[in-house]
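So that we are looking at the same thing, I have put the structure below in structure tokens.
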Amino acid sequence: MQLMNEGTVARVVGWEKGEGECDWTPALFESVQEMDGFVYGDYAGANLSKYCVKMNKAEGKTLVVLKPCDTLSFRQLIHEHRLNRDNFYLIGAGCKGMKDESGLLLKCKTCKGKDFEIFDEIIDDEESKQPTAIMDRMEGVTALENETAQERFDFWRNELSRCIRCNACRNVCPACTCEKCVFDNPASSVASKAPVTDFEENVFHIIRAFHVAGRCTDCGECSRVCPQHIPLHLLNRKFIKDMNELYGEYQAGVGEEERTPMTTYTKTDAEPSIVRERGNA
Amino acid sequence: MENNAKFLTETALRISGVNPRKCMKCGKCSGTCPNYDAMEYHPHQFVAMVEKGQIEKLMQSKSIYLCLSCMACVERCPRGVEPGKLVEAVRLMQIRQQDKNHKGARDIPEFADESVPQQLLMAAMRKYRK
Amino acid sequence: MIYSYYPGCTLKDRAKQLDICARKSAEALGITLQELPNWQCCGAVYPQVTDEIASRLSAVRALQSAEGGKLVTMCSACHHVLKRTAYDWNADENFRTKAANYLAEDGGYDGATEVVHFLEVLRDEVGFDELKKKVVNPLTGRKIGAFYGCMVLRPGKVLAFDDPENPTIIEDFIKAIGATPVKYPYRNECCGAYVALEDKGSAEHQVDRALNSAMDAGCDELITACPLCMYNLVENATAHKLPVKYFTELLAEALGVKEG
Amino acid sequence: MQMVNETGWKPKIVAFCCNWCSYAGADLAGSGRLSYPADIKIIRVPCSCRVNPLFILRAFERGADGVILCGCHPGDCHYTSGNYYARRRMTMLFSMLDYLGIERGRTRVEWVSAAEGAKFSATMNDFAKTITELGENRKLGDLRCKK
Amino acid sequence: MQKIGVFVCWCGSNIAATVDVEAVAEAVKNEPGVVFSANYQYMCSAAGQKLIQDAIHEHHLTGIVVCSCSPRMHEATFRKTAESAGLNPYMVEIANIREQCSWIHKDKEEATAKAIVLAKAAISKLRNDTPLQAGTSAVTKRCLVIGGGIAGIQTALDVADAGYEVDIVEQRPTIGGRMAQLDKTFPTLDCAACILTPKMVEASQNEKINIISYAKVEKVSGFVGSFKATIRKKARFVDETKCTGCSLCTTKCPSRKGKNEFNMNLDNRGAIYIPFAQAIPNVAVIDPEQCIKLKTGKCGLCEKVCSAGAINYKQEDELIEREYGAIVVATGFKPIDPSPLNEFGYADNADVVTSLEFERLMNAAGPTKGTLLRPSDGKHPKTIVFIQCVGSRCEENTKRGKPYCSKICCMYTAKHAMLVREKYPDTDVHVFYIDVRTPGKNFDEFYRRAAEQYGVDYIKGMVGKVAKEGDKLMVQGSDLINNEQVHIAADMVVLATAIEPDPTARSIGTMLTASMDTNDFFTEAHPKLRPVESPTAGIFLSGVAQGPKDIPETVAQAGAAASKVIGLLAKDHLVTNPCVAQSNELMCNGCSQCEKVCPYGAITYVEKEVRGPGVREVRRVAQVNPAVCQGCGACTVTCPSGAMDLKGFSNKQILAEVDAICRW
């Protein structure tokens, strides 16, 4: 607030209370008065990085509050030239694990750590440095991998057939920042607003996961916002797990390297036939 | 190649893990071998003779007991052939046969007095008998 | 600094000085060498063929009982066997599977033990510069040649002890204890000890050549880390004689902890 | 020659071939009269890296039973690195399809050089055999159109 | 709506025997857009082509599909046919119904059915085709040669001879390279300086050649015909335009501890020096690491003695930016450091020398003024052992050297042995060899002369140990022919060390996006058919940068590279492949993923105003340079939005083919 008074920042991206007690939503505050509505705490689960893309060209600096995992998305967006670091003032906010009405968020149960990848200032306390992970991040993926192909097929048919193509996953995803999504572009030959065939939602979700592969920081927003509760993060994590195993450990949004595993290669990479040779058929 | 020679060759190749075809016949092994003059067959000959299946001759030769196992040939071979491993393999093939121990406790020479380290005695037992 | 320590048979008997001086020096340097309980023979000779499994088991047992830490060796021969076996365990699946079957009853081995020679501890953990500071009795003016022999150096890829063709670790050690190292060409060649009982003449030939090389370069004395080299250099020298000491003896001397 | 299974069903197979190696390999198979099933239709692309996962999914969506991608051997890419990217992309895509419970054999990548007419033919025969054994693609197809 | 004509070729009986060509022509008639279809015996014949042209005129066709042999065979033919009838040549699609249909199927019904599908797929693609224009790009008529050794000099001379400007960029203070360090040359034994220095002078006097010495290429951008290079010319602290090369300063300089690189560090030079007497440019240079004035501010002796007033302690590096149409890599080689192979004792003994050091020791301008004296004590060596293949021909896993044969060592060792025996007949010369390789005109005769006439002792075997003993070097090696281990008490040992690419080659390769092998030699576009071109257009290879070679071969290759350069520079414009990537700026979000996978660096980003329906803002968008893009399509798949597409193989075109194939 002081920064806004001093004119250092022109606006703040944060959270405000929504309709329900546990429903806090991202909000833009453009004056000191508006800041009264600013909240931070147990229900500030939303990742604000994506909202910054719109602010990137705004006049003056924008202050953004980022949780540790959000900073990965922010850094990744810098790598992709979607954000200009100089246009933002970043407050790293300590996180004790975020919740919704049913308790700890899934992404916090598999928390990736409490380090801030990028920040101007950190506000946290000892408690928010404690790890909140209570399960292995890849648990769900491994469990599915261990099932039979038919079981997997049935699982995903059941999940993906519920998709209503509301595009919430796409709209919230910090890696989905295309000016125009290929599925919205009538000139692309693959445009589809709503699924006409049983397979189209499959295509949409496979391709979406493929498009963000290597850039997805596993922030878990897609699953969090899905009104049909489809575990979309299991698709992204599958790619992350495969890339880690085949091409070396990689976390999008960490460090200065702008190349992702999908934009590089080694001469001794595994052949695609490795898929046929491993795991449950 | 007759059957026995073939079997011996295959055994030597298998247990040594050496591929004598990699040899470019430069003679580095024999050029570097510190005990060359004491040996009837020299390191490069081990490689050539194994490739030609002449294992029997090598097994009968005193040369297999005279390798110092110093690995100079292994280290310096420019093709990674590692002749020292072949010497070891042929020696083991010889002493693994029944009654073919080369040395026993009673063969320890007289000069082996108190100054001989245990390791050396153990080494002799390990290298020369099964 | 606490390390597991594998002395080996010879250090309990013919090479007592190598062991005693090492322990005293370690103490003076603040290093604790914890002797492995119930250690067995290292196997004496590393078998270079792939199907010798049983003869490498005692070495694996030593690695196993070090429980994944650093295992310090003193004798070059033991070091050679333990280090190569440790390497095989991680690099050779065939050996690992078979050896693991043998060891199944005594609990497994996870391949984590790292075998380090005491000289490596001095170089990499203590640091020769630090060692130099702890020397109370510098051996100034003594012209000492290092006799590496073969077993700590080769094969270089596995032993990874020093450059096998141009080693400097013992020379650096000699400098650290205040003496003058003298390099000579045969310092990294074989002493011939392995054939001493088979062909004394050969062993003598190797020793004479090494000593001749050392004297020609101006060494007044030699140091070694190997009981086999020690034996051979002393007992099988025919043409010339040079005093030979274990490196730990001079270390203890320099640190002022040597008895007598 | 056409692959027919017991019910008389014939597979539909799309082969993407890079212009410089595999398409030339297919031509060589042709001039050597090395046959493979007519069920396989080749689409020429400049490089294996031109093949978008979308193309493959689209083929399945429109009723293909198998899709194979052929390119220059790793290290021999006309564009130096295209097939390395293709290799990663296809590994990821195939792994995802497997994860979604799709039969593994339906997709394949093979490296076929311009000199490997025989390999091209053998590969295509083998792939057609695999697809025939797997039967009709039901999991990936456009069910609505098939009714 | 397009008007499409379909032309089905019989190819005699090649197609018609197994494919019912009439049925194919009939089946496609009712496809959307098709207004004409025909079949004919030989479409590629003059009559066939006329048939197509007539149809184009008569039916006002906008595109044609030819069902015939492989496009690799006649696509170009039919494109020309179409073009001459006024149709855009890229509105032509080929359905391959011969190699991929009639030739591999026996059943006529089956083959006909397939041919129809292939024809329909081609028609579907054609419906999505758009006319493409092959672009042109201008050619800058100047050539950059990186490296001023014999390879670079020869290429420059040949290119300049054809009338084009050439810049030679040389990292050392003088051109001449390795050849300038050699004493005599095989197999003629004429002195290297005698044949090289006239060429150096010729290069310096040729008004088309500009020598930029003591410099390095720092940055290269652009593409074939239009490269832009930034060259850093290091400060010499001597004004090149004023220095007369009188060398007075070099004799007066009090700082004399500099290693003389030209003499392989076998003697010392002053802080201000001229590398050698015939250096080009014949201008002094100050070593800033060694110069007392530059380090402490005191001294300044050279400035005082220089009557030309050429000394300038304040001189700074100079950056030169220039455009070139072609770039020749002639970065040459260096001998490896044999120290790690210390069984040869190089690291410990001054009298164990490399062959290049030996050249200097034999050379009249060398540290011993041409009298062969050993470095340790300045005595004449009476026994010399030469060891070949030091660090060559080693399996890579052994880490004992290079996997390749260095090619020149057998010959120069024979030369050395011969020269020693000729000059000092009382010297014993032994050569340890693995194989003696002497393919080349008069080469084997040369080697045999060394053995037969000069009595050089060739020993088939390798040396295992060189040990100093007293003032001798005890050489222990194997003699495989005699099956014995030999021990030679030598006074000097000469190592024929492997040669490796100059250490700068790797970074230059990266800068030029010119591919290299694992040994850092530049890769040729084709090992047999295009040996002096890099796969990257506009980059040419000259000399050892491409692989080990001797002087005659280097000169031949340098000339070949020059002729390729001349062929390029002779054109005013280059026609570019129109099937290249194109970015739709309205859809591009500037994420830079495509740039990272482009093997040619064809994609750049610009901030520009983007206008479209409801859009008018400045965005960061990708731009493809159509002259650089080779059309692989790697970028198109990396692009999530589909903004990046490939002309001629667009998403729409390929999807149309997929749909068509899967429909039937």
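Chains: A, B, C, D and E, in written order; residue numbering restarts at 1 for each.
By definition in this document, contacts are C-beta pairs under 8 Å (C-beta built on N, C-alpha and C of every residue); 3 or more make two chains touch, one makes a residue touch a chain.
Note that the coordinates shown come from a computational prediction; the quantities given were computed from them, not determined experimentally.
Looking at chain B and chain C, the chains in contact with each of them are E.
The minimal number of chain-to-chain contact steps leading from chain A to chain C is 2. Just to note, of C-E and A-D, the chains joined by more C-beta pairs in contact are A-D. Most remote chain with respect to chain D, judged by CA-atom centres, is C. The greatest centre-to-centre gap from chain B, using C-alpha centroids, is found for A. The central chain here, found by comparing per-chain C-alpha centres with the mean of all protein C-alpha atoms, is E.
Centroids built from CA atoms put chain D at 59 Å from chain C. Per-chain Cα centroids separate chain A from chain B by 63 Å.
Centre-to-centre spacing of chain B and chain E amounts to 48 Å, using the average Cα coordinate of each chain.
Between the CA-based centres of chain D and chain E the separation comes to 36 Å, rounded to the whole angstrom. Under the contact definition stated at the top, the residues of chain B that touch 2 or more other chains are 37, 72.
Taken residue by residue, chain C touches two or more other chains at 165, 189, whereas all remaining positions touch fewer. Among the residues of chain A, those touching two or more other chains are numbered 182, 190, 262.
Applying the touch definition to every pair of chains gives A-D, A-E, B-C, B-E, C-E, D-E.
Put simply, chain A touches chain E in their complex at residues 57, 79-82, 176-182, 185, 187-190, 211-212, 258-260, 262-264. Chain C makes touch with chain B in their complex at residues 8-10, 13-15, 41, 43-45, 47-52, 55, 75, 77-78, 150, 153-156, 164-165, 189-190, 192-202, 205-206, 209, 227-228, 230-231, 234-235.
Within the complex formed with chain D, the residues of chain E that make contact are 70-73, 96, 98-101, 103-107, 110-111, 113-114, 117-118, 121, 515, 535, 579, 597, 599, 630-634, 636-638, 646, 649, 651, 654-655, 657-659, 661-663. Of all residues in chain B, those touching chain E in their complex are 22, 24-33, 36-37, 42, 44-45, 72, 76-80. The part of chain A that touches chain D in the complex is made up of residues 144-145, 149-157, 182, 190, 196-200, 202-203, 206-207, 209-210, 213, 235, 238-239, 242-243, 246-247, 261-262, 265-267, 269-276, 279, 281.
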